[in-house]
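A, B, C and D label the chains in the order they appear, each numbered from 1.
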Amino acid sequence: MTAVTADATPGGRSARGLVELVFRARELSLVAALAVLVLVTTAVNPNFLSGQGVKDIFLNTSILALLAVGQSLVVITRNIDLSVGSVVGLVAFCTGKFVSADPTGRGVLTALVFGVAIGAVCGLLNGLLVSFCRVPALVVTLGTLYVIQGLDHYIAHGQQINAVDLPPALLHLGNEGVLGVPYLPVITVVVMLAVGYYLRSYPSGRDFYAIGSSPEAARLAGVPVRRRVLAAYLFSGALAGLGGVLWLARFGTVVADPARGWELIVVSAVVVGGVAIVGGVGTVYGAVLGALLLTTIGSALVVLKVNSFWQQALTGALLLLAITVDRVLAVRVTRLLRKRSVRHGA
Amino acid sequence: LGLAACGGTTKDSPATSAAPAQSSAAAPAKADPNAPVKQGLKLAFLPKQINNPYETIVDDAGIEATKEFAGTAKEVGPSDASASSQISYINTLTQQGQDAILIAANDANAVCGPLKQAMAKGIKVVAYDSDAAKDCRNLFINQASSEEVGRSQVKLLADMIGHKGDIAILSATANATNQNTWIGFMKDELTKPEYKDMKLVKVAYGDDDDQKSFQQTQGLLQAYPDLKGIISPTTVGISAGARYISGSKYKGKVVLTGLGTPNQMKQFVKDGTVQKFALWNPKDLGYLAAYAAAALSSGQITGTEGETFKAGKLGEKTIGKDGEVILGPPFTFEASNIDQFDF
Amino acid sequence: MLALRKAGKSFGAVRALREVSLELFAGEAHALAGENGAGKSTLVKTLSGVHRPDEGEVLLDGAPVEFGGPAAAQEAGVAVIYQEPTLFPDLSVAENIFMGRQPRARFGRIDRRAMHAEATELFTGLGVAIDPGRPARGLSIADQQLVEIAKALSRRARVLIMDEPTAALSGNEVARLFNVVKTLREQGCAVLFISHRLDEIFELCQRVTILRDGAWVAGEPISALTPDDLVRRMVGRDLDTLYPKQDTLPGEVALTVGRLTREGVFTDVSFEVRRGEIVALAGLVGAGRSEVARAIFGVDRWDAGTVEVGGRRLPPGSPTAAMAAGLALVPEDRRQQGLVMDLSIERNIGLTGLKSVRRGPVISRAAERDRARDWAARLQLKFTRLGDAVNVLSGGNQQKVVLAKWLATDPAVLIVDEPTRGIDIGTKAEVHRLLSELAGRGIAILMISSDLPEVLGMADRVLVMHEGRLAAEIPRERATEESVMSAATGRDGAAA
Amino acid sequence: MAHDLMTTPGTGSAPKGGAAGRSPLGRFVRWDVLVTALLIAVFLAGAAGSPDFANAGNLSFALGDLGEIALIALAMTLLVVAAEVDLSVASVLGLSSAMIGALWDAGWAIETIIPLVVVVGAVCGLVNGLLVTRLGLPSLAVTIGTLALYRGLAYVVLGDKAVAEFPQRYTDLVTGDVPGTPIPYPVALFVLLAIITGVVLHATGAGRALFAIGSQEEAAFFAGIRVKRIKLVLFVVSGTMAAFAGVVYTLRYGSARADNGFGVELAVIAAVLLGGVDFDGGKGTLGGVIAGVLLIGLLRNLLMLNDVATEIQSIVTGLLLIVSVLTPRLAAVVRQRRRSPAPHTPLSSEAESNR
């Protein structure tokens, strides 16, 4: 290897192309899986791809995808946020309570600011505990999961927010759209693109990957580790807050804990989307695709008239299939890379 | 099955099933219909799950009612609708020596053992909303006769869709006792000749989870484009279903009915998504349960068929077969009357 | 330019540095020498802001500074190559080099094209062909070290600190590195250089500071010293010989490797090692030596060929079977492969011999501790407590723990991959004496080393690998620097 | 290094977060000691505050309620020490319960059913283990998948039915006390299994191997430890234990349902974490975990007896988790500060982001 110098660039480029392809491949394989699923389902029931059907899928995915974006940021830094589900619940309920107290005076914007602020506070708490107090993320967020859930139940205590009490503009946000495209997916896509671009193209964005890849090396490289981890949690919390408000807008009726148990769904979306649970690898696009795939599987199984009792089992099996295929693919390409790099050296 | 034949303890082995623990304790001395209501009774409501708005209405009414006869009542319960968490509470209440436990059972049999232990300690057990196994409670306060609920729901829907077309049911969890009893009667009702043109195509489960019920409705409508009506005999399910339909192209085309609270449904009745739905008065349910518990604890009744007791403003109630007390027929809500209610 | 005045640093009870002073001047390369655990790396970390001195101060251009962290030192123009590579395995090599100071395009975006071009340029300067686009995961230790070097060079710093940058490199890369460093030095850069290879110190440096047990021993121009002086000051006594090779008569064949192939990595490797023999496997970095060792030991699977130990064939891919047959492998990457960094010294030493310290099914802690204490003493391990985690040990002492761990299994065939990487000269002699003694006791030893003098000094036979194949087999008498190097670079295969 | 690409990521060449490693606090405040102290404090406070608490009846209830969690926590401790996790345990419990129901309903003998479902549990664990060890998938991801799969299968097996009326001889075995003591049978069994697990983890070669695998898998592999096989065994043990817990659960409640034990996995993990087992693997003691399980259980019982609302119980559990981890760390930081005012102590080179 040492002897070769001049031809470093061409060999390098092709290998680099290959590496890029591996990362793309994760997303491509998701898209392919999605396509197969949609085609099969549509073949059985053309209604699946009707305007209403597509709209439903996108609407259903939006909130999950939003949470997945926040979660992937945290997971990329080799941490985890299990508290997102309970934050969504808390925010949905509190915001509902807050705006329904004065539905004319408090509009969409107030609701959004209020909700995102609560979410951000929860995220800040997680972030401070993880980054500055150095408490393991799993413990912290499992703890805050319980605390926030308890708080939510305490505030809600058997009450219910009803759609009638909410400002119509808020309900519009959740169910209407521009030019037939509902607002919810638009919001999600905008957030996804912004975060995705930031993570890829800005030095501070790369810091997140560096931290997840090797926290010790990141510190030595002068990456402000704590601040970035704090930022990741803050952001995840704020997105969960946004998700909570959108939940309220979309469903109108909110009892104590919507999104209960969602922490594991969000984590599965992120994992299916190719974000490594050990940090350092993955993109928010993948995470969003993962969320889309999970939601579509759920909808497709209903449409395919699969027995209700089989649905959950099949969802699990498909999830396993998704990560398995992804893994096998990655291993294959790595092996290819090994042989290639040696041939190039020789 | 070959294995089963080799011996061992099977379902059919003699005396296998857990015999009623203290059948003697369950049938105590004589009822004294004229005994005064004891002062300072301690009642505990144990709903399926706290934070379920419906259960909260019931229990709050019961707690209010307790004050009428100078007792104290509290509501305790798990935040998830599981039998195992309910059991911890039953045990605790037993330890605390309450006079009566009022329970909406998450699983008729699972709560049985601990309830028997409570009864053995002289604690009266009143099931309400969702029954426990017969020998594990003294009384069951039934919101409405299960048979009537089941059959009337089918009638209600049939009238609205003209006795014709595919229908589906959106239930709560697959294991909910009361839901399954109702669904049983619905299926039975549908076998009658006047419903020969109606077909039940699917029973879906929304797990009493808002989002899940919402998506199940969606799925039903896509999977069965010819669907004419949905019955959702659960308050969570019907409101989620209504919300989906009100925002979709199916509004006005698919008829939704079921059991819901008026506050939840007001908006959808007014915007035309839902024409009619039914429910009993949950406040009366809690009220009756509290009085029944008091009557039991004071020795006015023992829980045998035919006994009567006074239930405050609801007047005199009679214990029916299997220790059931029925609140009354369900009430149908529609645009013309819904504004008179606030719960 | 950068200086340390009367600095002290303790870790708990360990006083890693006491009252050490040192001054770096522009245009001068300064060597730091001392045994393992003398405090060299600690000094480096103190200068670079990782540690803050407990006493004394760091001076920059004569004024006291307080670096809040590594970032602050980097701002001030101090670039550091740490002893252990600190790479991001999931990121590309180019990103590793430029993390935190990527070239920017408009709107503060990263200019990837420029980044890759600059990285390629750096590697060209160092004369290596690492693809800047590949992920750092899977780079060999040497390549990792080269990336670290590129990273430090790319900072164009005023002060360049290198903690054993050459430990994993072979002659060629070292020569290139020195060329680059000499250029920098001539441009006015101050250099601090740490190495256990004395010839390198003499080649590159003008001044040397010597530490012993955390204390300053000497600081003087290199020209005033002979290598022997240097060693004497480091070790505190005279050293007999660095390569105490005993002559032994090779016994029967202990290890036979037949046409071993792992696709894309090495091909048709056949050789045998006899009892009592030390066979060196030499070659350039990346020639596939470590891969062969790993395959023999069963850590990697092989695609074709056979491995026999004492006449018994080994199944592919089973280290457990290899160990049962009497094989031991001291791997090259001690931090990842050799040691469980979070476990204590005794547990690490005990890990390979869990069976030998058992009473029934239960482990006897006393037996485990005795065994560890025994080996620690035999290898002159420097430690505070056997219960301390190995990651507080200095690099060289960690290496000794790895050796102890494997020697304790009493192997018939010992494969050592870079056994003296990062080991100080005193201990190196010790390790060599040990290897030679083991061979004398009839153990077959396969030694992989990038240190040519070591290869020549220790081996009975030298196998040379070139690009995944055995290029030559050279007996001790004919082994010279020229013959080995020419085989290693593929210039002639005639010797085979 | 092709090897590390084929095993679990994260055990690969990424250096483990804590380079400087063990913080000095480890020598002064051990987490598990702290949790045990807290447990004793809770017990004493409970006994002093409420007459209903420290009596045999109540403690027997409280312990009985913990039975399944405690059983599963044993196997989970081993897994987490080896840096793996099994989130599917609650679903295996449900599947086992559903199978008992379905087979009992079909007229099988309980003596046949019980071993059969335990074997099925082992198979569930085997599937997890194979996916993790053969394909090198992260166990968190795999077991989230099987969490859904096994729970789904439970519904497939039993549907919406609830099967009851199990033979009293067997239900008594589970609810009854060991003659002459207030100790329920499952608790006695747990004690036995805990002793075995404790010995295996802390005093045998296998236990040492687990710690090595947990803190540095590659090095363990290089030391000749059969990493994959050990992990596979651990998953099988975990599945078996979960299925067995399902048997206990079903018989104790006398009700076989597909949704039994829903959400128990988080409770188990909370207990394991509270017990001081590091989710990065390689650290922890079984004693700590047992103290953690008991602490969560007794505290809940105590709060319930005092009519503290469920919401508050949830908050207290959460705070307990956080505080129990936070306190020793803060104490260490304070101690460090006092000794030397420098912020950059070796502590700070510990990983900022550890799971």
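Throughout what follows, a residue touches a chain if its C-beta (ideal position, glycine included) is under 8 Å from a C-beta of that chain, and two chains touch if they have at least 3 such contacts.
Note that the structure is predicted; figures quoted are calculated from it, not measured.
Counted as hops between touching chains, the shortest connection from subunit B to subunit C is 2. In this assembly, C is the chain whose CA centroid lies farthest from the centroid of subunit B. Just count the C-beta contacts per chain pair and the biggest one is A-D.
For this pair, subunit C with subunit D, the centres built from the Cα atoms lie 41 Å apart. Centroids of subunit A and subunit C (each the mean of its C-alpha atoms) stand 42 Å apart.
In this assembly, the C-alpha centroid of subunit A lies 38 Å from the C-alpha centroid of subunit B.
Touching of two or more other chains is recorded for residues 149, 153, 157, 212-214, 216-217, 219, 276, 279-281, 308-309, 334, 338 of subunit A. The set of subunit B residues touching two or more other chains comprises 50, 79, 174, 205. For subunit C, the set of residues that touch two or more other chains comprises 50, 69, 86, 89-90, 138. The full set of touching chain pairs reads A-B, A-C, A-D, B-D, C-D.
Taken together, the subunit A residues at the contact with subunit B in this complex read 45, 47-48, 50, 52-53, 56, 60, 149, 153, 156-160, 162-164, 175, 251-260, 298-299, 301-305, 308-309.
By the touch criterion given at the top, residues 1-5, 7-9, 11-13, 15-16, 19-20, 201-203, 206-207, 209-210, 212-214, 216-224, 276, 279-281, 334, 337-339, 341-346 of subunit A touch subunit C in their complex. For subunit B in complex with subunit D, the touching residues are 1, 3-4, 6-13, 16-19, 50, 74, 76-80, 82-84, 87-89, 91-92, 95-96, 107-110, 112-113, 133, 173-175, 177, 180, 205. By the touch criterion given at the top, residues 52, 55, 57-58, 61, 65, 104-112, 155, 159-162, 164-171, 175, 249, 252-255, 257-263, 300-301, 304-305, 307, 309-311, 314 of subunit D touch subunit B in their complex.
Listing the residues of subunit D that touch subunit C in their complex gives 1-5, 12-16, 18-22, 24, 199, 203-205, 208-209, 211-212, 215-216, 218-226, 282-283, 340, 342-344, 346, 349.
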